[in-house]
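Chain IDs A, B, C and D follow the sequence of writing; residue 1 opens each chain.
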Amino acid sequence: MKKLINDPADVVADALRGMAAAHPDLRVDHENRVVFRGDAPRQGKVGLVSGGGSGHEPMHAGFVGLGMLDAACAGEVFTSPVPDQVAAATRGVDGGAGVLHIVKNYTGDVMNFEMAAELAAAETDTEVVAVVTDDDVAVKDSLYTAGRRGVGVTVLVEKLAGAAAEEGRPLAEVADVARRVNAAGRSMGMALTSCTVPAAGRPTFDLPDDEMEIGIGIHGEPGRRRVPLAPAREVAEMLLEPVLSDLDMTGGDGVIAFVNGMGGTPLIELYLMYAEVVAVLEKAGIGVARNLVGSYMTSLDMAGCSVTLLKADDELLRLWDAPVRTPSLRWGV
Amino acid sequence: MKKLINDPADVVADALRGMAAAHPDLRVDHENRVVFRGDAPRQGKVGLVSGGGSGHEPMHAGFVGLGMLDAACAGEVFTSPVPDQVAAATRGVDGGAGVLHIVKNYTGDVMNFEMAAELAAAETDTEVVAVVTDDDVAVKDSLYTAGRRGVGVTVLVEKLAGAAAEEGRPLAEVADVARRVNAAGRSMGMALTSCTVPAAGRPTFDLPDDEMEIGIGIHGEPGRRRVPLAPAREVAEMLLEPVLSDLDMTGGDGVIAFVNGMGGTPLIELYLMYAEVVAVLEKAGIGVARNLVGSYMTSLDMAGCSVTLLKADDELLRLWDAPVRTPSLRWGV
Amino acid sequence: MVDAEALTAWVREFARLVHEQRDELTRLDSAIGDADHGANLDRGMTAAVAALDAQSAAGPAAVLKTTATTLIKTVGGASGPLYGTFFLRAAGALDGVPDPTDPAALARAVRAGLDGVVARGKAERGDKTMLDALGPACDALDEALAAGKPLDEALGAAAQAAADGRDATEPLVARKGRASYLGERSAGHVDPGAASATLLVQAAATALAGRG
Amino acid sequence: MVDAEALTAWVREFARLVHEQRDELTRLDSAIGDADHGANLDRGMTAAVAALDAQSAAGPAAVLKTTATTLIKTVGGASGPLYGTFFLRAAGALDGVPDPTDPAALARAVRAGLDGVVARGKAERGDKTMLDALGPACDALDEALAAGKPLDEALGAAAQAAADGRDATEPLVARKGRASYLGERSAGHVDPGAASATLLVQAAATALAGRG
């Protein structure tokens, strides 16, 4: 295993020390592994809390700041945070207007956030609403399964609901924006290589030199199928076909297109993929209103990418353009 | 070779299409492979041109915009641009106040920029000053060699000289800022893995699973020595020792510390490295005034990092904090 | 006597087995999950043992409750809340029971734990989860005790049932947990949670042996 | 006769050899450089041949000048300006020469090219660069012609000198170019530019054979 780490058991704690040192405007609670906006809690503002397993950086701590999250909980690598962490985050961002939990749909995340909300309800009268993201079309949605995974759309939910909260809107409305974004967004990912979990010490799956996985998640889970390596333009088609056949993205104000790197793929390849994504969308008659290209939701050192499309409307575009000042997403301020 | 590309020969052209699509506020001259600020040339403002081989993204095109570069020339992968490209960029950013070429010290880059300046001088009366960056302490500096490589400090030169140009300062002063930054900055890099040049199709060097290269450049050149894998805290020492013994960084207004990822290393490891860098600096009595942590100057998909320290002063810190709005560095606007 | 000391021995033995099997659990989780189940449980059970060591003598319910809250505080992921809930509900079932040292009380506690896992995780048997080991184990324990078998033997039967249930997860297509994302590709692999749950029951058989 | 057609044949033969040896040149550049020398020169020489094809019949100087400007426009890196300068200076030396078909004129042109490379790159022989092949080749050519040898034989000697010079770069520690970054580690590898420069001279020996 080749990583810039010390002891595999200390990866999360060590990285949080680095975040704290790099971003003095954030407050890091090292005991609970929660990263707060320096000025949290903001009185009268809905508090936004997200979190999940570590290994997806910059998500979530890199999105803490004005116009986005108020706090992020860092679990162990690929392991959702525990209820105590989420409860500490919830207390710390409660400015009297309630708290929104943004939870990616994984059994562990959902259960731990639920238990935290139960704790919060028992201890204080903080109003907590949870919105669960589940945008990954690689997974068949069904009442009888764990349902779709929450992936790329989570970043967009954090940005857009964060902007709504920053405007001073009430919890119900902020939660509504989050749900609307999740409902209008779809993602699909692929991997060229497996990631290596530090504590495991070896790649989660073996992938021959001439094959790739289509439909992977962000935890090194193998994908839905393994196919021969293909040029970027075919990869773009393989990712977009299931997205577009799941949700009609034509019409309206176009889409927010998000090409995301999985951690081991450099930016040059992501721009190249974005060109191919735009080409496919053009052919499908879908306009791109806004875009985001970069490694925002990674899977440790996995090489690969995901594509997220969000069907936009006037309000969502306005919220997208609203100021944001976080370590990893910043504009307008 | 596992990459999100089409034909290896088209990588640069394809990626530029993606950049153009992603950033409508930039103007991309696809024929000459130059990325311009949308509003170039700015009358009365010194124009900043940089460029080099591709494969280092976001450098340089990702730094084109307000407060940084006016144009970036994209050579083939790891191959400096040709004089025609640099000449086209120079013409396109000439707002009457002269043009600064920011050139990394590689034989090819220096010669091609020189030839472009000769062309520009022959064709127009644009005043061109070139500043060559050479901050890599892994390379012994000597009159009889090609000298040190230009690496991480180039990003800082582009930011700081860019801010000076944005303030409307004359060419001589802007060039002076660039030279001052280069003189006060030092870097050292390491690799956990080799990169793979698309046209070559296989890793440039073989590196056993339990070894790393210390003193690598940004073109997949092997480093100065090969050592057993070590924990991040020892890596930080190996990188900082030669930097600090080359230039006294104590006193003054502290340093700008830049931990850079080589393309295949995820952000979590870079933050972890940053924590270790800060620990070493603290022991050495060196304060960090500003920092930058991320993959800003990559070497394709190489896993590894570099550390750059710039001895800061009041003016440099002011220029650092000045607004910048580029695809990959953005604050204050 | 299934007293506090015996339950502590159970928790310790589970921790020992998890530590020993840590890499194997992670290997199973690599095939159809995210390669952290061994590390997760090992971290949690190591903490649980430390918490029990730190805690002054307490009753049987307290032992299980400390284990539960420690797991909930330290594991995370899916298995943290699930094992946490298992021990929490089991502790609840022992709390205020006139004679918690009665084997039937133990069986009721374990059954309450199982119901807690179902309530928390909303999975069913056959979904390819830890329930596929825990469920048959509870049934076997109840049956054996109902048939008048001594605790030793009943726990032995439970451990066997757990192992059989674990093995039976191999051909299943997962419907719950992370493995469900793989769809058909999840078949052909043993579920890591079923493997760790088997260790839990085996630990009981070892640690509580001769305490009936 | 070393006329325009002969020089075109030289350029073509160089392009052919570079294309054939592309992977080998890149392999050499992987060991002590950045793994692009083969791709760089192949791109440039392919473009040069295309430019010569597109250009209407022109004099000897024009052939070399077109080659030069095409290389400068398409190669980049260190080798683009250097080979570009080589051909540019060589073209300049032929320009206006009363009888460019004279072997001595060719030798002077090649020497001018060599001087151009030195002026542009500021390297010396022994720095482990293309000069270590080009330099000895020029010397051998001059000597052979001075000794009254026919062009064929003189070019053969030059090609041999280039190959020897190339091989002699192996033990050297590089002082110029990218290989210099490796310090002592650059020893033990042949310089890629010396290898391609040897192809340039070999191409001359092949293409100009019998044209003396």
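The working rule: a contact is a pair of C-beta atoms (placed from the backbone, for glycine too) under 8 Å apart; a residue touches a chain by one contact, two chains touch by 3 or more.
Model, not experiment: these values are computed from the prediction.
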Q) Quick one: which chains contact chain B and chain D both? A) none
Q: Name the chain whose C-alpha centroid is most distant from the C-alpha centroid of chain B.
A: C
Q) Whole-Å distance, chain C centre to chain D centre, using C-alpha means? A) 75
Q) chain A to chain D: how many Å between their CA centres? A) 55
Q. Distance-wise, how many Å sit between the C-alpha centres of chain A and chain B, to the nearest whole number?
A. 29
Q) What positions in chain A touch 2 or more of the other chains? A) none
(Q) Residues touching two or more other chains, restricted to chain C: which are they? (A) none
Q: Counting only chain pairs that touch, give me the topology of the graph as line, ring, star, complete or other.
A: line
Q.
Output every touching chain pair, sorted by label.
A. A-B, A-C, B-D
Q) Across the complex, what residues on chain D touch chain B? A) 26, 30-36, 39-40, 43, 72-82, 120-121, 175-178, 180-183, 185
Q | Interface residues, chain B side, partner chain A - complex | A | 2-7, 11, 14-19, 21-22, 54-55, 57-58, 62, 192-193, 209, 212, 229, 231-233, 235, 263-276, 278, 288, 291, 293, 295, 298, 300-301, 303-305, 325, 328, 330-331
Q. Which positions of chain B touch chain D when the two form their complex?
A. 53, 75-84, 106-108, 111-112, 115, 138-140, 144-146, 149, 197, 199-200, 204-205, 217, 219-222, 224-225
